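Structure, as structure tokens:
Chain naming follows the written order as A, B, C and D, and within any one chain the residues start at number 1.
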Amino acid sequence: MVQAINDALAHEMRRDDRVVVLGEDVGRVGGVFRVTQGLWEEFGDERVVDTPLSEGGIVGAAIGMALYGLVPIPEIQFADFIYPAFDQIVSELAKLRWRSGGEYPAKVVIRAPVGGGIRGGLYHSQSPEALFIHVAGLKVVCPSSPYDAKGLLLASIRDPDPVLFFEPKRIYRAAKGEVPDGEYTLPLGVAAVVRPGRHVTVIAWGAMLYEAIAAADQASQSGVECEVIDLRTLWPVDIETIVASVKKTGRVIVVHEAPKTCGFGAELVALVNEKAFFCLEAPPARVCGFDTPFPYALEMEYLPLARRILPAIIETAGI
Amino acid sequence: MVQAINDALAHEMRRDDRVVVLGEDVGRVGGVFRVTQGLWEEFGDERVVDTPLSEGGIVGAAIGMALYGLVPIPEIQFADFIYPAFDQIVSELAKLRWRSGGEYPAKVVIRAPVGGGIRGGLYHSQSPEALFIHVAGLKVVCPSSPYDAKGLLLASIRDPDPVLFFEPKRIYRAAKGEVPDGEYTLPLGVAAVVRPGRHVTVIAWGAMLYEAIAAADQASQSGVECEVIDLRTLWPVDIETIVASVKKTGRVIVVHEAPKTCGFGAELVALVNEKAFFCLEAPPARVCGFDTPFPYALEMEYLPLARRILPAIIETAGI
Amino acid sequence: MLISRVPMPSAAWPGPPQVGALREDGTVDPARAEGIPDELAVALYEQMVLSRETDAHLVALQRQGRITHHASAAGEEAAIVGAAAGVRDEDWMFLASREFAAALWRGMPLGALVHHALGTARGPGRGRDTYAPPFWKPARVVSASPLSATQIPHAAGVAWSARARREDVAALVFFGEGATSSADFHAGLNFAGVTRAPLIAVCRNNGWATSLPSDRQTASDGFAVKAVAYGVRAVRVDGGDVIAVLAVVREARARAAAGEGCTLIEAVVPPRPDSGDVSSSPADPIARMRRHLEGRGLWSDDRDARLRDEVHADVRRAIAEADAEPSSPTPDFTDDVYASLPWHLREQRQAMAPRDPAAGG
Amino acid sequence: MLISRVPMPSAAWPGPPQVGALREDGTVDPARAEGIPDELAVALYEQMVLSRETDAHLVALQRQGRITHHASAAGEEAAIVGAAAGVRDEDWMFLASREFAAALWRGMPLGALVHHALGTARGPGRGRDTYAPPFWKPARVVSASPLSATQIPHAAGVAWSARARREDVAALVFFGEGATSSADFHAGLNFAGVTRAPLIAVCRNNGWATSLPSDRQTASDGFAVKAVAYGVRAVRVDGGDVIAVLAVVREARARAAAGEGCTLIEAVVPPRPDSGDVSSSPADPIARMRRHLEGRGLWSDDRDARLRDEVHADVRRAIAEADAEPSSPTPDFTDDVYASLPWHLREQRQAMAPRDPAAGG
């Protein structure tokens, strides 16, 4: 996935000289996870900018660049470090188009690695997507495969709205797959049914998609066929795909790494209630991170791995 | 309510000389809404501290004060201005007890006016409670009456955990009611059934409680008797009171000012699903702010007023 | 103490001396400035008067409860108009709460400001917010949110972009001295410093952040000196002296063009007289400029009366027009959240359609 | 340009001169410092050696993948140990990522550090996080989150509290030069400045923030000079000179006691030799202090070998002990989120109970 994202950035920077990458250590060393490796060599200091240590400054300056007409793609080293930029994202970036009556949109794509599974501990493992989904004016994307990562990133860069592009670091190198060299985009707002099934709908994204699939595979040994949906775009979410699936299965489970309470799973459950309540045959379930900070030593207890998803599937299936 | 909060602060500052109030303009002028009026005169410069313009500094310094053994009560002038302090709240305040294995809890009560209804416009009307409920380690309180405000604030100050105390500014002066002079606390985590009913449960808090009650009163003319619950403490929420009510009514509506998507309403709907799914007779409904920034000229369109709650009650009641 | 006599440098770093141009008697210090052409001198004065008059009306509307908030620029006109006049047409301007006159200087019609303040659908912000002055895109004027200082990194980003693109364009950003305590001042100035961005940062030091006096905002000697922390140029100027402000901003603009990067300018606004009424003070920036114009033979009581009548009429007309506008525009606030309406906002919009006459509901 | 010759103050504000004490030949500059008693001199040296040795082992554990991250203090021992030794026992200490030796100086056992690094249940953080050094409450040592600079306002808050309470207690806070760009450095120093809080802020300028050289972190002349923006005292000290660091921190502490408030100290860490191996450089702070001890007749090759053997054995023993600890403690991570377990965490804890052997599941 690292390579696919790097591809997408390089491709877009070649195609459009307004595209600029900025952040801490994105230049010569190519970022903590080497996602921007080689870009500095190819595009130089003024399009691949190593910044001072200030996430607020990075996003704030990116907004200015966007106003000027550039297409800035700031990197936040870990999503856990996005909070110093929270005000600029929430109060400024998300609201500029609206406040200015459409005159001053600020097109920025913020990239940040999310999630656990690399023994990063408390401050290198968080998944803050729900905080941004709650804020009107932002789009939120989270790919689960190299192919999707490239296609979704190209789409995110070309989309007129600000996008938070969360990269699941657990599968930065683990997730493999063919990635075409050339240009392609995957539309934002369109989920993928990655495993068809008729008993239980399992909604996941990012690194947890693989856990959902693994649990679904195991459940099928008990005769429960899960339909697994990879959201890809978290917001605006592909409600049609979700509702169509739940209408078929009558049962739904949402899986995410973030703490359960007020996580995006809550919204998905509430939406399913609103759109498909009378089709529901069992209580929608959530298999999520705990309502605690992210523990270093016990991250495999914390994450909603297949071994925690499977019992939820069995229980939801009601067998 | 302004007077009740002022009372609580003065009472606690007299009782316990570790209690310190700090923030922008909290001193001589007594705060934007005059909530801290008179405290500076009584307690002086070192316990009622006018700070420089930096919310991050205010909360960060309050954390240090708490570590030292004081009980700081920072004021953020408007909840809309809490985002520059977001990192200190989310990454530091919420996690200190946990990270330090219980050794360094930081007891801070952050007070901030929330909500619309005073023609404050986009940046003086927001209700960010869901963002903090998602973060483990924080408690979130929002009173709806002067009596509750005093009792809940005293309880919040004495509670060992950090509390976000959101004050609904629309009813700062509108909400009236007897407030005893002396000392009393209302336990955190306990909701109030402010209107009993058997057809539909309506959950609300803060300024919207009155809209919920008004809608309930109107609905009763159509024969629908709503049970209205005032949450008072948003997190940890009083799940028992909610579940007991929904088990009785089978129908539930959540009302809040914040944008609907990923708002606290979503969590409440999801919780009701988990705890009382088989009692539900109609889809749980949410009557919320729109998924837009808060509009100045159209705030009465934006707010979930009784006129928007009533149709939801009627629809949910299924009559 | 075991070890001593390690020399400890002093904490007292004085800020730069204050630059002025206009003297008490209305003449311009020739050592300081060579003067400005007649038309410009008159235009600066007229613009300051327009600002003062507009202020008076908007403050009155606020007192009447017709608008929630208006941040008056009374007494600060020289800092605002002088700075706006010191940059070039192609430059960007980022406003804080009080700088509507800078936008007027750049050609924003008075009507746009008044529509905005009253929250009508025809204001540039379409009634969505009214706090700061409106956006005015035709002249690259960007408004700030009320969150103090957030506009500073935006301005730094614009300035940095211009430099990276090798375009001779600068960004002028305004803020109050209180805003210097914020995270975004720090980030914005530091980014401008390291990128040598053509940023002209004008800090209006009016002595107060709401109730906090400026010497409790920070322990530094004034605010210009904070430039030291960012390796950018520091200037302190008499903010009641429109010619001096114009001069230092022009100089900063020229340095920006020469690739010398950012300048932080502290415009020290004269303290309000005890009466509170700025116009009654001889330090009033408008009175000072008028003495100058009179000294140059460019102004008379008669002309002044005419100007004030005109301006008064203009402001009243603008308000009357905006007043005629329905105060509640069509419920379009679901627009412009995104470039196009996503499904959830379409649903939410439909749900309120019955209240929308345009939808025929 | 119509107006010119408005004098524009220069952008070049030099930082304070760098203070040193130890000379090349190991003697102490008498003009700079009067010297320190033998025991303290030896203790400083021993502590630096312990730090270096501990580092080597933790770096090795990281290379083996046994711990995720260790921020080495190699080459920075003088800045860290000197500062820790410069304050008093009753003072608070706020650490950033590299300052475990400051906690060891204050009496934290080596075992606590190693348990913490390995994430065992017996570490002060109970395996919850391992990035920064652990908290050590018995000595008022507070650890920072990895978010750079967040600890600075905490330290300012502690210092302010002490002053408000009229208690002669100071706060010492460490951070890297990269952290000075952050919001919290700005807020923390400014709050300390306006409240004249007894804060001693030690900025280790090791030349780099990961890959960013310090001259691209900011355009100011070094980092001490940033004190100017906050009206606090600025000191630049040779960060490879443990005696000089101790001296300037003591001086800052004395000034804090005298009510003179905060000092920002930039400890300039000597650049790493090209080989990357600090010990091979004559500028190595440990080598420099050893020359000093030898010159005073306090040290010999023999004693050095003994010390290194001891320290080596200590570190290995601590690691062996921590290794014996089960690496996954009981799932107690639902504790301490709140002072007591709320209903939702009780439910969540119960849901995982079957995996908890203590629960007998």
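Everything below uses one rule, namely that a contact is a pair of C-beta atoms (placed from the backbone, for glycine too) under 8 Å apart; a residue touches a chain by one contact, two chains touch by 3 or more.
None of the values given here were measured: they were computed from a predicted structure.
Shared contact partners of chain A and chain D, listed by label: B, C. The most distant chain from chain B is D, comparing centres defined as mean Cα coordinates. The highest number of C-beta contact pairs joins the chains C-D. Our note on geometry: chain B versus chain C, Cα centroid distance of 36 Å, whole angstroms. Rounded to whole angstrom units, the spacing between the C-alpha centres of chain C and chain D is 43.
Averaged Cα coordinates give chain A a centre that lies 39 Å from the centre of chain C. Taken residue by residue, chain A touches two or more other chains at 51-52, 54, 56-57, 80, 83-84, 87, 91, 95, 98-99, 122-123, 136-137, 261, 290-293, whereas all remaining positions touch fewer. Under the contact definition stated at the top, the residues of chain C that touch 2 or more other chains are 128-129, 145, 147, 181, 183-184, 186-187, 190, 194, 216-218, 333, 337, 344. Contacts between chains leave no pair untouched here, as each chain touches all the others. Remark: chain C residues 68-69, 119-121, 127-131, 145-148, 178-179, 181-184, 209-212, 216-218, 327-329, 331, 333-334, 337, 344-345, 348, 352, 355 touch chain B in the complex. Against chain D, in their complex, chain B makes its touches with residues 20, 46-47, 51-52, 54, 56-57, 59-70, 72, 84, 87-88, 91-92, 95, 97-105, 136-137, 139, 159-161, 189, 236, 239. Those residues of chain B whose C-beta lies close enough to touch chain A in the complex are 80, 83-84, 86-87, 90-91, 94-95, 98-99, 122-123, 130-131, 133-137, 235, 258-259, 261-267, 269-270, 273-274, 277-278, 280, 282-286, 290-293. Residue ranges of chain C in contact with chain A, taken from their complex: 92, 124-126, 128-129, 135, 137, 142-143, 145, 147, 150, 152-162, 164-165, 171, 183-184, 186-188, 190-191, 194, 333, 335-339, 342-344.
Contact residues on chain A toward chain D in their complex (touch as defined above): 24-25, 27-29, 50-54, 56-57, 80-81, 83-84, 118-124, 260-261, 290-293, 295-298, 301-302.
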